[in-house]
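Below are structures written as structure tokens.
The two complexes that follow have subunit A in common; it is paired with subunit B in the first and with subunit C in the second.
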Partner chain A sequence: MMAEKYIARSKAIAARLVGSEMMVMSAVDSTFFTLNEVASAIWQAADGRTPLSEIVAGKVCKQFDVDPEQAQRGADRFVDELSQHGILLVSDQPLTGTDSSLERR
Partner chain B sequence: MTTTCCPPVPETVSVEIGGMAIALRTPDPSFHRLIENRYEGFVRASSKSYLEFEVDLCDLSDSSPDDDLEVKFDAGEWLLKRGDFRARWNPETSRGRIRQSCSPYAIDCVLRIVHTLILARRGGFLVHAASAIRGGKAFLFSGLSGAGKTTISRLAPPDATLLTDEISYVQREGNRYVAYGTPFAGELARVGENQSAPISALFLLEQGLQNRIEPVSTTEAIQRLLRNILFFADDPELVNLVFQAACEFASLVPIHRLVFVPDQRVWEIIG
Partner chain C sequence: MSLLAEMNQKALDLGLPISVHLDITYRCNERCVHCYLDHDDHGEMTTAEIVDVLEQLADAGVFFLALSGGEVLMRRDFFEILERARQLLFNVKVKTNGVMIRQKEAARLRQLGVEQIQISVYSHRPEVHDAITKLPGSLKRTIRAIQFLKSQGLKVTLANVLMAGNFSDQSGVMTLARELGVSYTVDPTITPKMDGDRSILALRIPGSELKQVLHNQELVGNVEQFCAPPLAPDEDALDGFPCSAGHTACYISPYGDVFPCVQFPLPSGNVRRQKFLDIWRHSTQLKEVRSIRARDLPTCSTCAHVGTCTRCPGLAYMEGNMRGPSTADCEKSFQRTGIPSANMLARARASSAGPLIQIRTLADPLQNPPLAVEETLLSA
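Presenting the complex of A and B:
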């Protein structure tokens, strides 16, 4: 069985919801991401306490009517990419005290 | 008979950009002349200054202006450092000190950095853009080196007032943005006019085969704008302020792509 993943937004980012897309910029290297609606939903749910599988099941599959396996694979890829830039923090344990205070909506 | 030898008295010269005067104090008359020549139209003999710097001129010939720039906030002071200058500035007292060679490039860089730091807290920014006033409205033409900022400035009709061909000064005033002239010149090698006007539009420059204005999505506009905003400090809080300022700007000011042929007819579709 795969280990559970917990994800949290880094503090070293700036983010803003523009229309239905979340714009995220790293304050470290100015890398810029525009997240689509599905990725934005995962991003907004990344509180460090909710397991990724629960976010996929509760947010992605319910809101966007996608196949659970496909949604989980997409979410894993998205989390891997953003974590490589330090924008999302990933752990196999719940993360606390990492939620971004910089984000505005 | 007794002869008294007095040290030279520091005199102040103020450079006012965006309505914000920065006073520079030094006893060296050659530095005064340098400032007065370089910032013609922006120099104030005596005006209430927002910030005051003591300027120590010294030989920094063992360092190069190409050395890495460092801007950080430490122990209540902004520290600015490059090969050809060292500067510190306390935002609480509005006083600082610059140690630099008698070079226009050093003071130019210090002034640009100081203005970006001040503007960031006020929702404004400096941006790589030419700007001009026409019919009481300001237009910005943004792009990095080679995009056509100087070209579009050279093509401006006689009724346009050029604010800069290189670095535009953008300040938020209530629910609008205002462009101010700057002395930060590009290839045109000419300081802008010290005037201001509300910004009517920002154009992202792209040279092409015909003149046309194209829409850009809000996310692309913000991304392109952020690429062109000058920012130097390694400070997450200020990076966030600049990011939010770019988003706010894009929500209030129309941003378009301007594809243009380098001839005067491009100005017929602006305004």
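Presenting the complex of A and C:
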């Protein structure tokens, strides 16, 4: 069985919802991303405490009517890419103190 | 289209203010000769008021936030404001003269994840820079600040405003930026004071020097392309609007006044009396600004440069008509391409046509040679 993943938004980013898409920019390297509705849902649920599998099941599959395996693969790719830029923090343990001061708007 | 341009277009389509310039104070420790501000404090917003505005801006969809002044560090609560801005996930650019930035302040800016710091430098020579800022030792302190900021890994842009008094030092400032490892940007625009006083426009560089700037490959890239004669404007150009002012961007003063842009002092509301979104959505002034298209401009719509001109509606407004030409931009278009603007041609025609109304005395040429009385009532 694969280890559970926990994801949290980095503090070193700027982010804002524009319509249904989330704009995210790294304050470290100015990499700029836009996240579609599904990716935005994962992003907004990335509180460091909820396992990724639970986010996928609760936020992605339910809200967007996606096949669970396909959704998990997409979520893994998304997390890998954003974590490479330090925009998402990933751990096999719950992440604390990473997200508490950030506000989603 | 880049991803950023796509998001700008999306913000425009959705009517979102994606970018706001917020001056948190007009107070300053420098007294730059070209500054357009009144540095006295006439009742700045409190910390709580600014925090409330920041929260409203975040809710309204603002992503890019420029914090500026005056000198931002003249406010003792600057870092409190900045911290709240970053908690609200703005992409923050700070404009400062750097004089009050030491290692501690630089480290705090880094810790808070500021995207970019823009610092004004007028010359690489202290005697020139300090004469412009009227603060002895200011260049030395500003350079030290840049070094502190760089040591923290922050992105710094050195902004070089060009005037008649420092034009000859432009390449020296660019070399300084290179040596310091920071970006460089140059701006030959001097704007009237916010109270309408136009006396500081005398500091503008003359046309011949402006031409040198606009033909400098290091500043503009491909000179041939940049200075090419304008193509005939297409429908898209005529249906276009000049800039983001009032469309996806606006400016808020330390007193809560909202304007389309820092360079466009058209009062459009005040966040002390109204919610920001109410101003953004319902201000008659902002609606008017948004309604203007290039084809609606009486003079500029007929100009060869209409598709490529950097016409600033704020500068036009300060000249008396937001639909009129901005003569500073006419001059830029002319110096860039060698082709006079429609406004320049109209002015030339008017001045060569002589007085519009004349009264001449009917005198006997033999008794009163030559005609000595000619009174002009109204000149064009």
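Just so we're on the same page, the second predicted complex is superposed on the first by the 100 of 105 C-alpha atoms of A that agree within 3 Å, B and C clash if a C-alpha of one lies under 4 Å from a C-alpha of the other, contacts with A are read in each partner's own complex, and residues count from 1 in each chain.
As a working rule, a residue touches a chain if its C-beta (ideal position, glycine included) is under 8 Å from a C-beta of that chain, and two chains touch if they have at least 3 such contacts.
Computed from a predicted model, the values in this text were never measured in an experiment.
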When subunit B and subunit C are modelled together on subunit A, clash or fit: clash
In the overlay, answer first, second, both or neither for which of subunit B and subunit C A:16 touches. both
When the two structures are laid over each other on chain A, which of subunit B and subunit C touches more residues of subunit A? C
From the superposed pair, tell me which subunit A residues show up as contacts to subunit B and also as contacts to subunit C. 11-12, 14, 16, 18-19, 21, 23, 25, 27, 30, 32, 34, 102, 104
For subunit B, which residues are in contact with subunit A within the complex? 218-219, 222-223, 226, 236-237, 239-240, 243-244, 247
Could you please specify the touching residues of subunit C with respect to subunit A in the complex? 3-4, 6-7, 10-11, 14, 16, 18, 58-59, 61-63, 86-92, 113-115, 155
Flag every residue of subunit A that touches subunit C in the complex, lowest number first. 11-19, 21, 23, 25, 27, 30, 32-34, 101-105
Can you check the complex and tell me which residues of subunit A touch subunit B? 11-12, 14, 16, 18-19, 21, 23, 25, 27-28, 30, 32, 34, 102, 104
